[in-house]
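A short write-up of the structure that comes next.
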Amino acid sequence: MSEQWLTSLITETPQQGYELAIKMSRMGIKYTQPAAEVREKLRPVYGENADSLIASSQVIAINFQTVSAANNYWRD
Amino acid sequence: MSEQWLTSLITETPQQGYELAIKMSRMGIKYTQPAAEVREKLRPVYGENADSLIASSQVIAINFQTVSAANNYWRD
Amino acid sequence: MSEQWLTSLITETPQQGYELAIKMSRMGIKYTQPAAEVREKLRPVYGENADSLIASSQVIAINFQTVSAANNYWRD
Amino acid sequence: MSEQWLTSLITETPQQGYELAIKMSRMGIKYTQPAAEVREKLRPVYGENADSLIASSQVIAINFQTVSAANNYWRD
Amino acid sequence: MSEQWLTSLITETPQQGYELAIKMSRMGIKYTQPAAEVREKLRPVYGENADSLIASSQVIAINFQTVSAANNYWRD
Amino acid sequence: MSEQWLTSLITETPQQGYELAIKMSRMGIKYTQPAAEVREKLRPVYGENADSLIASSQVIAINFQTVSAANNYWRD
């Protein structure tokens, strides 16, 4: 992918870190299914399925572990 | 999201940390499905499904790993 | 939740830590489905389903990672 | 559980550690479903299901992360 | 596998690290199913299934944790 | 298991570490289903199922986290 979308894992606040984790989770889907129209078609499918939403939250949680460690948990 | 909901990962007690992990897990769902009425409709679906509840507990467990590390496991 | 159920991650032995991980896993379900009668109704469902039992063991394993790290793996 | 089954995470070799991780994974199932005759009945179900076997291997992998860290990866 | 495809976990940027995590995730599938024509046949199946895409993103997230730690989160 | 199959987590290269992670993932299945003829029968089932392949890649990813940490990410 030539687009630069992940130049740093460092964010100013935990919430920005969480939102970066969301972006990372979405990019994992985008790399696997590059066709925007297919992803668009699937959105209502998983958006109204409880288990898909829980699974989405889990991917975000895993990516947020990475971002949090990178930022030393914003403790400094 | 302009609402500020995650300003720190630091909590006073492990239980408050666990409850923050629950909030983080729910926000992962909220970011993915922003429509409150859809999420409301899904609540009885996953709330009465054993596998959905186990999966929810798993997302909480992953987020709690992050919060616990951030708080140095409340050892200090 | 006003009940105090998680005041520390420190336990005397690995087994007590494992049992704390089980409690944490169950609390994740309880926070998501607070109605005791619903949870009671679901118990035979997941208790006789192999995949649900494996998934339960997985949540415990994740929580035990947290408890183990908190206790420095009971090495000291 | 009054039985003492987890007194230490330390093992002599990585393989013993892996086998401890298997025991931990099984105990997670046993605590959730204490009835031996039910677990016995489920064994052929998950034992001949590819996805259940993969999921079992995943739980072992997570527990082995814990055991490996406890043993400092048997590097010393 | 005689092909050398993973000589280092070190990358110059987080994005290159993320793309390495994607490669690692795909190689996990390739080692399990070496037949290219079978994998090719499956691509449209998971590529149009929301839950498969979420699961793919999760595997990438786990591999990215490894790559990020290896690179000390590109902090240096 | 009397066979010695895991005497060390240390490997010379990341790729050898990844291949060790694959072996560990397979051994998790073998310990759970020791009958070779059953495992053999299941191979075409998961080998042609996209979700099973993704799940397999996930188990490998988790085991590779362990192997990578053991090898200090082959940084030295």
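By written order: A, B, C, D, E and F. Residues from 1 in each chain.
By our rule, contacts are C-beta pairs under 8 Å (C-beta built on N, C-alpha and C of every residue); 3 or more make two chains touch, one makes a residue touch a chain.
All values reported here derive from a predicted model rather than from experimental measurement.
**Student:** Quick one: how many steps at least from chain D to chain F, stepping chain to touching chain?
**Tutor:** Minimum step count, chain D to chain F: 1.
**Student:** So what's the Cα centroid distance for chain E and chain F, whole Å?
**Tutor:** About 15 Å, centre to centre.
**Student:** Which integer distance in Å separates the CA centroid of chain A from that of chain D?
**Tutor:** A distance of 31 Å separates the two centres.
**Student:** Could you give the separation in Å between the centres of chain A and chain F, each centre being the mean of its C-alpha atoms?
**Tutor:** 27
**Student:** I need the residues of chain D touching at least two other chains; which ones are they?
**Tutor:** Each of 46, 49, 51, 55-56, 58, 62, 65, 69 in chain D touches at least two other chains.
**Student:** Chain contact topology under the given definition, line, ring, star, complete or other?
**Tutor:** ring
**Student:** Quick one: ring order starting at chain A, direction chain E?
**Tutor:** A, E, F, D, C, B
**Student:** Inside the complex, what are the residues of chain C that reach chain D?
**Tutor:** Against chain D, chain C makes touches at 13-15, 18-19, 22, 46-51, 53-58, 60-62, 64-65, 68-69, 73-75.
**Student:** Sort out for me which residues of chain E touch chain F in the complex.
**Tutor:** Residues of chain E touching chain F: 1, 4-10, 24-29, 31-33, 38-39, 41-42, 45-46, 49, 51-52, 55-56, 58-59, 62-63, 65-66, 69-70.
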